[in-house]
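Read from first to last, the chains carry the letters A, B, C and D; within each, the first residue is number 1.
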């Protein structure tokens, strides 16, 4: 089982309207500050937040209790001119847990309404304390193949194409995939997934996005931060062996 | 003419390796802090930064001098454990200006090398002081059609699909398009573009991403912040008229 | 105005079931024979049939009367163990005419039912006798860039990718696009379309499907066969001038 | 092992140029007649031809000797104003066999040259006499979900989108997939492939092309015609059980 928290800024669209028209830069700064704030809260207890669509975020929150979630919500209100709501979901796959997290929050009212500071979850025993499995996927020689040779915007479109392939194909095996900057994709995996199950998607990516090749480090840890830590060790080892392997696992 | 600054964190991959394996959350916070810092610097002089791929950013920098760019670079070094380099490009379209900005920076050395704090530009007279044209595009009734009804990750994939359509199609008319959170796309347009030239891309989006429909507010201003400000006024007016119009322009 | 005929083999799925399990090759031969038969019927009166999804075909039928359509249907029944139904639609664009052609036929009953030999149309005066505008689009140096260097199946996937871009983008301006073998795309255009309106789609194709470049010959004729004939003259002239032009028109 | 024949009409582009400008309908008829002719030749010995890009075709030719291939080529020349060349390839997957078939033919000269009636193959013992594995995939309730409700061209674009997903994803496991009309996809599989290996691609299709669902019948036979025959039996049984199963196999 895995636990996913879906974080939604309350009534964000109407709020930004009230910031006046001269606001785009202020919105971007506010969104980044909220992200940093939430990231630090979740990190303290071993969780990790993905910024996703900025006003809607996803956290892997294994081991983080309802009470702590409530504290995050309360604390955020004290630090920002706006509030957030959260839905906590659990499931045998990150995708299913995310779906539950969305369902419980959606049931509490519209994202653009008077709904404020909701913490939604269903009757499961929380928090889930299972270990977390993560794959850190990156593109071999990305700097040499892309950054150092093409105009940035071309690379950026190509990255987004590749990201879409990963998201679409990985979700068929219950994996949530997030772009974390550079050429780095963090893939939250079902605890029971065999690492080899990542290969078909990686091959599809490589076919569709030539000449890019992928490698993946897979880590298992008590929480997502430890799991990524181990995945990073694998990725580094693959890199130091000149990317001859495509996949390494550290349980 | 328009002026685009391409911002690259120096040697970021190797730097993160030195942060130890237990680092993903620290990287995300650092990237957000750098973004906020740069956003504030550019905002002060009427510029706007798009986070793009996080370690590589794009700014619309009309009116911002070489000297000010140099100050941003120096100031960032004092505030962070890492440095950035920048390339300034100009062109008749944002796409062409971006290409030049990449070209001049790439010519100064690899993103993963000892290259540090480079400010690259070619012999044009800088800064460009032209007015800026921007389209703010969003999806009609996105909250009702997506946020309030579907699991978030489904919406997120759909958004990324739509974003890709916008990027690919808009670039054929020289437009750079950035996702700025929620359902908001900021499109930096060629100064000479007719607003109607946005329509074919919007129609392509609507065909490929049913049932979503787009609207666009187009603004022209002395700098990008003012241009977006006017685009926001248009967008608000379309919204208040129940999205019956698809396009409004404020010069 | 343009006239489009939508041709549907009646109850084809269930019919093939009755052919026994050892049938796939027989189906393919039958479908090709039906296509040849219909092609010859429509050709005689200046029409052209596109095989499309094989059991559902599209014809440009300007100038072909209801009576002649009825004769085609009757004659086909005498020559084949199966029948076809047709819907005739008209519109200011080929896309709209196709939609009407589908609507009138769908209204007569399901494709898998006892419905047989239907000829559907609405109250417009038929046939439409307007001239027809067609673009013949092909890929520059396709043989050298693809056929002679890559495995066929790779080229075939790439062609299908490119075809999809053309279909999706052209339909936003009412154009129906059909792959006619090799690297040839026949694009049936609205009579009032400016040839330059084809350019954004061609640019989108070229961006997405590097290194392929497109050229287009545009012809206008009393019927589609004459229009394609003129489009071919244009295409040949572009080719003989080493593809330096992208678009030529012969009215 | 599997044996694939890649069939190429010799010098087809230049030949069509000589047909005069008023030719598109004649080309389409000629291509269909060549297809029927080749289909019948290969069928006689248990092979099956896929029309693919019309002037370039693919046949599954297990059990068909070099001598018979030569006879097909000679016989075609006597019946048509044009000739074909063929490359025979073998491999552990259809994809690899296709690549070899392309390689040996490409080595004999350009598709647009004086090269004529080439039969290319490498030193392997031919023909391959292994059994053939095929999946027949179709879309559940396609007539009700698509044909009977939407304009044809919309369905046709959607079908092409779906086909592309199948081609791209199946080729990562060595499968060649061909659209054979209606909603039918014939997938030529590696002899050693586990039928379950088809599932991830089918799930990807279902995710990307909602609300469509796929079923697959998998058959193994002495040649492709027998294999499809068995696949059809499976597909029928799934259909008669109201598509509750997704996959059935008959060895």
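In this text, a residue touches a chain if its C-beta (ideal position, glycine included) is under 8 Å from a C-beta of that chain, and two chains touch if they have at least 3 such contacts.
Given the structure is predicted, the values throughout are model-derived calculations rather than measurements.
**Q** Tell me which has more C-beta contacts between its two chains, A-B or B-C.
**A** By number of C-beta pairs in contact, A-B is the larger.
**Q** Which whole number of Å gives the spacing of the CA centres of chain B and chain C?
**A** 41
**Q** Taking the mean of the CA coordinates per chain, how far is chain A from chain B in Å?
**A** For chain A versus chain B, the centre distance works out to 22 Å.
**Q** Quick check: what residues of chain A touch more than one other chain, meaning two or more?
**A** Those would be 168, 171.
**Q** Considering only which chains touch which, label the overall pattern as line, ring, star, complete or other.
**A** Here the contact pattern is a ring, one closed loop where every chain has two partners.
**Q** Going by the contact rule set out above, which residues of chain A touch chain D in the complex?
**A** It is residues 168-169, 171-173, 200, 203-204, 207-208 of chain A that touch chain D.
**Q** Give the list of chain C residues in touch with chain D in this complex.
**A** 6, 8, 12-13, 17, 21-25, 27-29, 31-33, 35-36, 39-40, 43, 48-49, 51-56, 58, 95, 98-99, 101-103, 106, 110-112, 143-144, 147-153, 155-157, 159-161, 163-164, 167-168, 171, 176, 179-182, 186, 225-226, 228-230, 232-233, 236
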